[in-house]
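Which chain is which? They are A, B, C and D, in the order written, and residues in each are numbered from 1.
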């Protein structure tokens, strides 16, 4: 047992360090956060004619005056993660889930007001889509739709400021034409052949941040528009590199919604390698591909509307 | 090194044991199989107006006169798994991929004829669906569609007999009404409350076997019909138990396609637990659910057309 | 709603079909089973000097007179999967968990006696290993040890018969020497180069069945002995093929424990491909390998003690 | 096709925006990075008496003057991710892999010197541990050891500055005693019972940064010391909250190695819920637990040596 060991620590709220004195410990506590992660909630709206549902995975991370529990185990300022979980369910009952973004904002405000020792709330939500089962008479029957996950990330402070980043991940797309790659830099380890016709495939991970001046949109419509912009830009851009496609996708995203200030995209290059069939007397006219797992190229980039100040804290 | 150890073994083709003699080893080799697993192939068909693609994960398991390599390391009868992989790519080039089932049959026949020491071929294929990107001008652009995986399993013998099992897995469906569960057996550990209104959700894993007399269908149409039958039966069956729903789904499957002789379904009961909100002064009218991970109920059942003989070897 | 649809079905216990009559439905119910899957239980034994623990994942599948719930939704013969879960916890409290096999046998007997409509129980258990934390003063502190999962599978009938299959999976091993592969069959798609020195790696999946006459062993000691036999046979066999290594491992297993009647091994060939460094003026003397994901060879084989009758039902 | 669309963009290196003019596009390119991810390499050292190996998963992310490829598809400044992969293998051959950190530093320097358009390199490495197979005669046979993954992250600039963060993840530990949780803040949604005896379990994710003045250590010894410090602090800290345990672990880490300037820990609270056995007339004296999957508490915290300046860029 070394309970004593952790009692003589000393905190530094916000990572600031107190003035040194000769009794000061050598190790100081920096920024912390905590919360309940992956609360899996399904919220059903039971209409007379038909039901609807929202299927969410909610993760909460709170911060504030929390040094005591770290340094001494005094939990008087700790809102339990169990109570956080309960709040997710209770607020979904009281207010419904209009959208992932709106629900995240609601939760953030709740945590900032329910406990005085919490001064910042980060709410991350994953949403899984459902469609009505085609051909069924039932109006309360659903099938998981699409492979992508919709995401929402809210940061909110006790002073009332909040930031919203919307997004999606695992939206898997592929072009069988319209992709080239050549004219690249060559060093001593460059052996790749140039190509003017390749398969281009990726799993889109895109996030976009609303500008501070923009009011609250219809989040579901905004999401549908962004998703369509990303997909059609991927499809209809003649690509000389996945980097170029990334920029075209981000640009389309910002051009289709004036309220978006900034976007970040992460695009794995899911290599589809044309198989060499020459040993078997066959020509492979870009018809037969090996879909490789690892390694893969990974292209990351950000775009911003001109004049919009960056807001790095919104993305963390 | 104990190379000697494995040299004095003795095989028993098909698991049959040779007559014992005083020099016989105590351990005999039983049934074996081997092959290349998870060959990830994308086959593109490049039409003038538009492209199409098939995205498959092919696993091969061959058996036959293979005891030598096990007992002595003599590989003269071993068709390498590398050559098996090459054959997948070459045959896809030569013949295209009309459907998962047809390609599996083609591969099986190839392996049975290319190497005299192979007398049985098992080809398992997973197929991943792709849709055209909506709203795009491009006719060579695709997005992964649906969450389910289509499956095909072929067994073929050197004597020409073959069996086909089609199927799907991970087709996730959910009913928010029309599901009850009560009147069950009660033992000393039974504490579950009866309910006349619950969420019923599952990830459908269904396989179906064609009868011997049935000719080759349009496999893609047959699949679409089976998928629809499973989903609509799930949706439109008022359920007193997931067992009842399983039977209704299997029955619908067989009634919608006379060529199906037998079906097997595996349905996890993805429990959605109505959250107790009473401690917070709230009533939960089946609106707020916790989507649980584990444990889960697992219901498995088979159905057959009357008079059809079973064929257990087809499913392995 | 088609509640009526499922009411006029007709069962065939054990898959046997009733005599046809002109009102008989066209679809008959075959074999079924059901139960709670993946009950995650940690059982702690709190000794005065130190604690011990068993960490299990228990899956139950029961069968018997269960046609009513499938055909009509009458659940009077259904022991709920919730009660099954409760039994896992209660029996672990009452009797402790001596070993995975012993606990599976205990559970099977419980289900066969607690509900008259259950005539067969299948209990599958995964066990995760823990070691004491090295260097700690605490005698109640543990770290997950090893990467493999221990498995136990019990089948038991109401008439008292039971079968036990023990095993392990995901035991990842690798030899950097002592592995060759050459002299194989060559067909038109064979391009693989022969090698007299390669890396051989696999993730051992092995199962072994005790003979009927063998009494109950010390299951934990038996497991440790089997695990050591598999690993040392892999290490110390000079390999001309993974098939040969498989046989050597199975043989070692049976030779090290007279009570084992039969073994089944599944060995993925985790290809480690020597990278071609010639384009960079370097020679790769089997020092630099690409560890490939997919595809992979998959070798499966069974071995039996001479004179032991096979028991295929034990493995399902 | 909208190739034109992406040609009239305009870059802003480092995210800085050019002076606006009336022809300036509305969307500017911000920070980017790219590289080959998840290069799986096994490097064998073939000694006369025995072999040794390093098993790594290397991910590269480079940045610099890369706007052209994004804005116009001109790849003249792009070092291909394929060449990056080749460099991993070639450098491993040339120099060996002394440690994950040393190899990451080597790779970073390589990329900064091989292509003038790369001004920053981020190398992330995961390392998987192997032990010799116990009881084997072979000195070239290994078994994957432990469940944790060792991590190394290097950032390096063209001007010669570099930062190293070492770490581990998925080191799963559990205390069956010595853990309490009570005296917490109570809001309207707080229903959790206080406890003075609970199971405490987590999967340690810890990273630690070396101070700028510290020279290069023996990285493997440094890692072993850090791993031991984390585990023993977890085991031997009497815990009033997982927050307190986190601080104790971080503090022990910094106190055991003067060269560590800062540490970050992420600890999921893997809830082990004592099962209520009262309905069955049984008392659960903290012997029978349900190991829950989701949701889980997640505690994150950082600690720094007094006087050490923070270095947020090192962790990204």
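Operating definition for what follows: a contact is a pair of C-beta atoms (placed from the backbone, for glycine too) under 8 Å apart; a residue touches a chain by one contact, two chains touch by 3 or more.
Here the structure is a predicted model, which is why all the values come from computation and not from measurement.
Two chain pairs, B-C and A-C, are weighed by contacting C-beta pairs, with B-C ahead.
Of all chains, the one whose mean C-alpha position sits at the greatest distance from that of subunit C is A. Centre-to-centre, using mean CA coordinates, subunit A is 37 Å away from subunit C.
Once the centre of each chain is set as its mean CA position, subunit B and subunit C turn out to be 19 Å apart. For subunit B, residues touching at least two other chains, in rising order: 1, 40, 86, 90, 178, 188-189, 191, 236, 279-280, 293-294.
The touching residues of subunit B, counted against subunit D in their complex, run 1, 188-189, 191, 279-280, 293-294.
In the complex of the two chains, the subunit D residues touching subunit A come out as 1-3, 5-6, 9, 15, 17, 20, 24-40, 59, 61, 66, 69-87, 90, 114-115, 117, 178, 181-192, 233, 236-241, 243-244, 246-248, 250-251, 254-255, 262, 268-269, 294-307, 310.
For subunit C in complex with subunit D, the touching residues are 40-46, 51, 53, 55, 86, 89-90, 92-94, 130, 133-138, 140-147, 171-178, 199, 228, 231-232, 234-236, 272, 275, 277, 279-280, 282, 284-293.
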